[in-house]
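Shared chain: chain A. Partners: chain B in the first complex, chain C in the second.
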Partner chain A sequence: MKQLINNHKPWLILLVLFMLVYPFIVGHSGYMVSIFVMICIYAISAMSLDLLIGYGGQISIGHAGFLSIGGYTVAILTSKLGLPFLLTLPLAGVVTGIIGLFIGLPAVRLSGHFLAVVTLGFGLSIPQIALNWDSLTGGYSGLSLMRPSFLSSDLQFFYVIVVMTVLITWLLHNILKSRMGRAFLAIRESEVAAQATGINVPFYKTVMFVISSFFTGLAGGLYGYWIGFVSPNDFTVVTSFLLLGMIVVGGLASIPGAVIGAIIFTVLPELTRSFVGVTNIIIGLAVVLIILFRPHGLISLFDAFKAKSKRKAGNDQDLLISEQEQGGTVKDVNI
Partner chain B sequence: MQIIVSGLIFGCIYALAALGLVLIFKTTEVANFAHGEMAMLTTFVSYVFLTSYGFPYLVSLVLALLFATIFGLFVYFVFMKRVQSAPHLNQVVLTLGLFMVFNGVAGIIWGYQPSSFPEAFHGDPYEIGGVFISLNEIFVVILTLILMLGFFLLFRFTRLGLAMRAASQDTMASELMGIKVSGVFMGAWAIGTALGGIGGMMTAPVTFLSPNMMSEVLILAFAGAVLGGFISLPGAVFGGLIIGVIENLISYYIAPELKIVFVFLLILIVLYIRPQGIFGGAKIIKKV
Partner chain C sequence: MLTFKDVTVKFAGVTAVKNLSFDVPEGKIFSIIGPNGAGKTTVFNCISRFYTPASGSIEMNGTDLLKLKSHQVIREGIARSFQNVELFANMTVLDNLLTGLHPNLKKNIFSIALNLPSVKRTEKESIKKAYEVMDLLSITDLAHEKVSNLPFGYQKMVDIGRAIIAEPKLILLDEPVAGMNPVETEKISQLILRLKQEMNYTVLLIEHDMSLVMKVSDYVTVMSFGEKIAEGLPKDIQKNPVVIEAYLGEVEDGAEII
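Up next is the complex of A and B:
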């Protein structure tokens, strides 16, 4: 196991280094930096959603609603109340977390399709409310917000987002490795068995929603500050579907999987932007093909590769541990 | 009263879309998010028959339903058969992927410009007890009721219905009992898609024909199906009708823009009190 961590560490350091020097590699191209920022924002959201679906077994197809709330929270707090950046960004997470609590409460009683429809309704409702609550959200025209002066340049804010992404990834990783993460896994595998072993199922289900929406709200807040403008059309139900696609295509119950999914689903639409109307077909086809031919997501490619090299070394025991450590394979999500 | 009646007619359209959804789910346990887009493609095909070939309405309806049947089989064989035993989330995401593909394909072939679609019956609206209702609307209501009753009886009293229920409960055991499960699934996909097609053709005169016409209908149909318990055909129709009426009442008395918010608030409340839906039957936890 120690070997495994040691094997991972250089890669992680390389990845973080790459993120730090990325703007210089692409020569400060605003477009490329912007794509990278969107990958970070979607990666945070996808990881949060993965905590809920992949690890906790609770479906949500309205996660874009939380992103919207996060964006609007920072916009409203900055433009109407004039609160400073250091306060608004955490508040974006807190407000979204409170709303996640309200969504999580009925989720305690619901499962499967019923939960799917409730969350779908939530995802549909948020843009509608934003559109019609003119006095607070500015309706169609949206709200614009200014970044604080010490973060005014895109490069400075790029590093804020990178640091936040790394921090949130680390936090989520630790939450999932903790006692709480094991409780989530137990609930996913069997609610009855989890209850029988003394896990407070309703409590942990609600906590799951709160944590997931908190981090998604932070991502929404970062988005608001990056673009400098929020509108009802930023995150629609299609975004929720894309988030769902990200975690399934990347690989459920796997943080690297969620990141891979976020990268694919941010870059693909950009690559196909020049062919109008083809974007949907290509994204759809990518999802369909990956589900048909790699049902455990792209991350399973790495696992297959690892298994091969491990088998050569004649060390199957290690693999078994590592797989359990990653939360096992998802047998079935309760939908 | 007029509001309630026109709500009921909208409800029938949701119910028609929900019927196919529930039929496919009840048999194959797949929640088909691409259902609306498949219905939309079927409607476009019937539109092509109507305008390019000049067939009468009934002929193009039958031809389009034939297309829907083949289309449903195609989707089943090419995509859904391979993931029949995969995790449910994979199935859902696969149908979402198909949703995007079909939507894009229709957009490329027919464009996003909405065009009008004829009704089944023309004629001035009748006035019954102070309520105006047109011949076409009566047709929609009667069609919905007949289809609901027909499929309810099919499920309850025929061998095929029994096979469908058995296949959904335990695929392997019913296969061992001599039921041709793949045949049953084929039937469910073919009939379900055709039902969706009927729903699409009833929707198109109201919303106009465009690649995005079914998205809102499908979401509300899904909501209606869930309200009814998702496994009950009368429940799907009943749920669809409730949604239609509530939606119309809210647009009239509160705010037309916020109808979707209130509809989902209502669903949330209903499901909080009765988590298995109105017609869902007793809640059983299968796996331990």
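Up next is the complex of A and C:
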């Protein structure tokens, strides 16, 4: 039992297999597939945001702005310039990454509340820009775009999204467990000590923003292609708060935590859809309860379980906190 | 090795360090002592480039440190520990040490993101190295503990470990035994001596604990109110009336520090 829990590989393979056969399990239900796709898009965004907030300790409450930019980038490039899918999707990441760079530059000087306000302003302004820059964005009526012919069916594009999600998760995992990920954590923990150990703090803060916005932009691009239409109302500041909720509820500084958060925050609104007006109450309640009782997020339930099974196995050295989770509590981030 | 020349540091009217000059010889343990507020930690913060002196020069083997930014200092072979332990509290001991290796590891984001074999290899090597350092400090069994869960004495060890893992030439230790009991103090003083004798590190030490200073130092500089008031061998410093006055206020015949 203990081995099964501690060994992640079989679980991961199982998960990927599940993702691959999912459309068949739900009998090609367009609705179910669509929910799954939204989970993937939010999971990518939440993981990217987690890199910034959970690992790097840099607050961003305008992250939906990057999703919008990603979506609009693919829409504009396909509908206005007729660029092919294989070019537009990476460009969605690159363009968003460049904008992330510009948001990241002030982050070097700002922290805490001030950075929160700057990113909030960004998140608020993007839908407004999309609304008012008629000639480029189509204004209120938005832009529609066509998927390339070789990916025209939803099933085909579903697999594109699954592959991209798995790939991005893997890339983020590699970055976060590398020297770069440690540098991010170090900056979160103590900028002074980070600087003294040779970490170029301003540089890495900017890099965090670029990486985070790059992947969020990709998620936005995937969204644009999936829906086939982008509008200013797709990702408002409410989405930004939802993303923030996902990573806090799932567990900060944990990739599985971000994914769990994305699942909950995508599925909950669907489950409560029939009770009009209840959705937000339930989401709010969930956030409050989890912060009260599980400040390390839902992912800490697994760790507690792991610790228990470890103890049962008679292996009770002073185990304190799992090695997996890098210990970002809600309190660590001061907004 | 490390040369201070007429360094003056001012904070809004307060002169924290005044015309300080000294030279840390290679392979020696050089201590700076002095009453609280004498400007010792300010000296360290100048070397780490958190502060910029108003005048004077600081050179490391001929390189002008004042031209560097704080994250570049380690490249000149200078690592430090902190007075109040500036560890990465929510990271494990192992990760804290690995972060100390930051300047030595690969930077290319693409090879990192793709986890190429070269990255895997350097990561493996650095983990091996981290275990060597932990062995040296005899904290190997704590490798996967979160640092914030450790007692203060062990945190100090990790702080020192993080400084030595990058194999600097000069190690700055800011009050390594502050708040430690005699047994822990003894352990640290053994460690400092080993750093010099077995690993040929040069150590610049700030310390209040006179027993430690007298035991390990090759050379002692005494600061008071930002100025150097004496320097010399430990046994001479112990008897120096100026030093005794700075510490105790007035001189009695035959008085001696410790």
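Operating definition for what follows: the second predicted complex is superposed on the first by the 311 of 335 C-alpha atoms of A that agree within 3 Å, B and C clash if a C-alpha of one lies under 4 Å from a C-alpha of the other, contacts with A are read in each partner's own complex, and residues count from 1 in each chain.
Operating definition for what follows: a contact is a pair of C-beta atoms (placed from the backbone, for glycine too) under 8 Å apart; a residue touches a chain by one contact, two chains touch by 3 or more.
Here the structure is a predicted model, which is why all the values come from computation and not from measurement.
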| Partner chain in contact with A:Leu252 - chain B first, chain C second, else both or neither | first
| query | Which of the two partners, first being chain B and second being chain C, lies in contact with A:Val278: first, second, both, or neither? | reply | first
| said: With both complexes superposed on chain A, which partner does A:Val192 reach: first (chain B), second (chain C), both or neither? | reply: both
| chain B or chain C, by number of chain A residues touched | B
| query | Which partner does A:Val287 contact after superposing on A: first (chain B), second (chain C), both, neither? | reply | first
| Should A:Ser144 be classified as contacting the first partner (chain B), the second (chain C), both, or neither? | neither
| request: Considering only touches as defined above, state whether A:Ser79 meets chain B (first), chain C (second), both or neither. | output: neither
| message | Under the stated touch criterion, which partner chain does A:Leu124 make contact with: chain B (first), chain C (second), both, or neither? | response | first
| Should A:Val201 be classified as contacting the first partner (chain B), the second (chain C), both, or neither? | second
| query | Residues on chain A in contact with chain B in one complex and with chain C in the other? | reply | 190, 192-193, 332
| task | Would you pull the chain B residues touching chain A in the complex into a rising list? | result | 25, 31, 79, 82-83, 86-90, 92-94, 96-105, 107-108, 219, 222-223, 226, 230, 255, 257-258, 260-261, 263-265, 267-268, 271-272, 275-277, 285, 287-288
| request: Could you pull out which chain A residues touch chain B in their complex? | output: 53, 59, 106, 109-111, 113-114, 116-118, 120-122, 124-125, 128-129, 131-132, 190-193, 237, 241, 244-245, 248-249, 252, 277-281, 283-288, 291-292, 295, 330-333, 335
| What does chain C use to touch chain A in their complex? | 48, 50, 69-75, 79-80, 82, 86-92, 95, 98-103, 105-107, 109, 112-115, 119, 123, 141, 144-146, 149, 162, 166
| remark: Listed in rising order, chain A residues that touch chain C in their complex are 171, 174-175, 178-180, 182-183, 185-186, 188-190, 192-201, 207, 211, 317-318, 320-321, 323, 326-328, 332
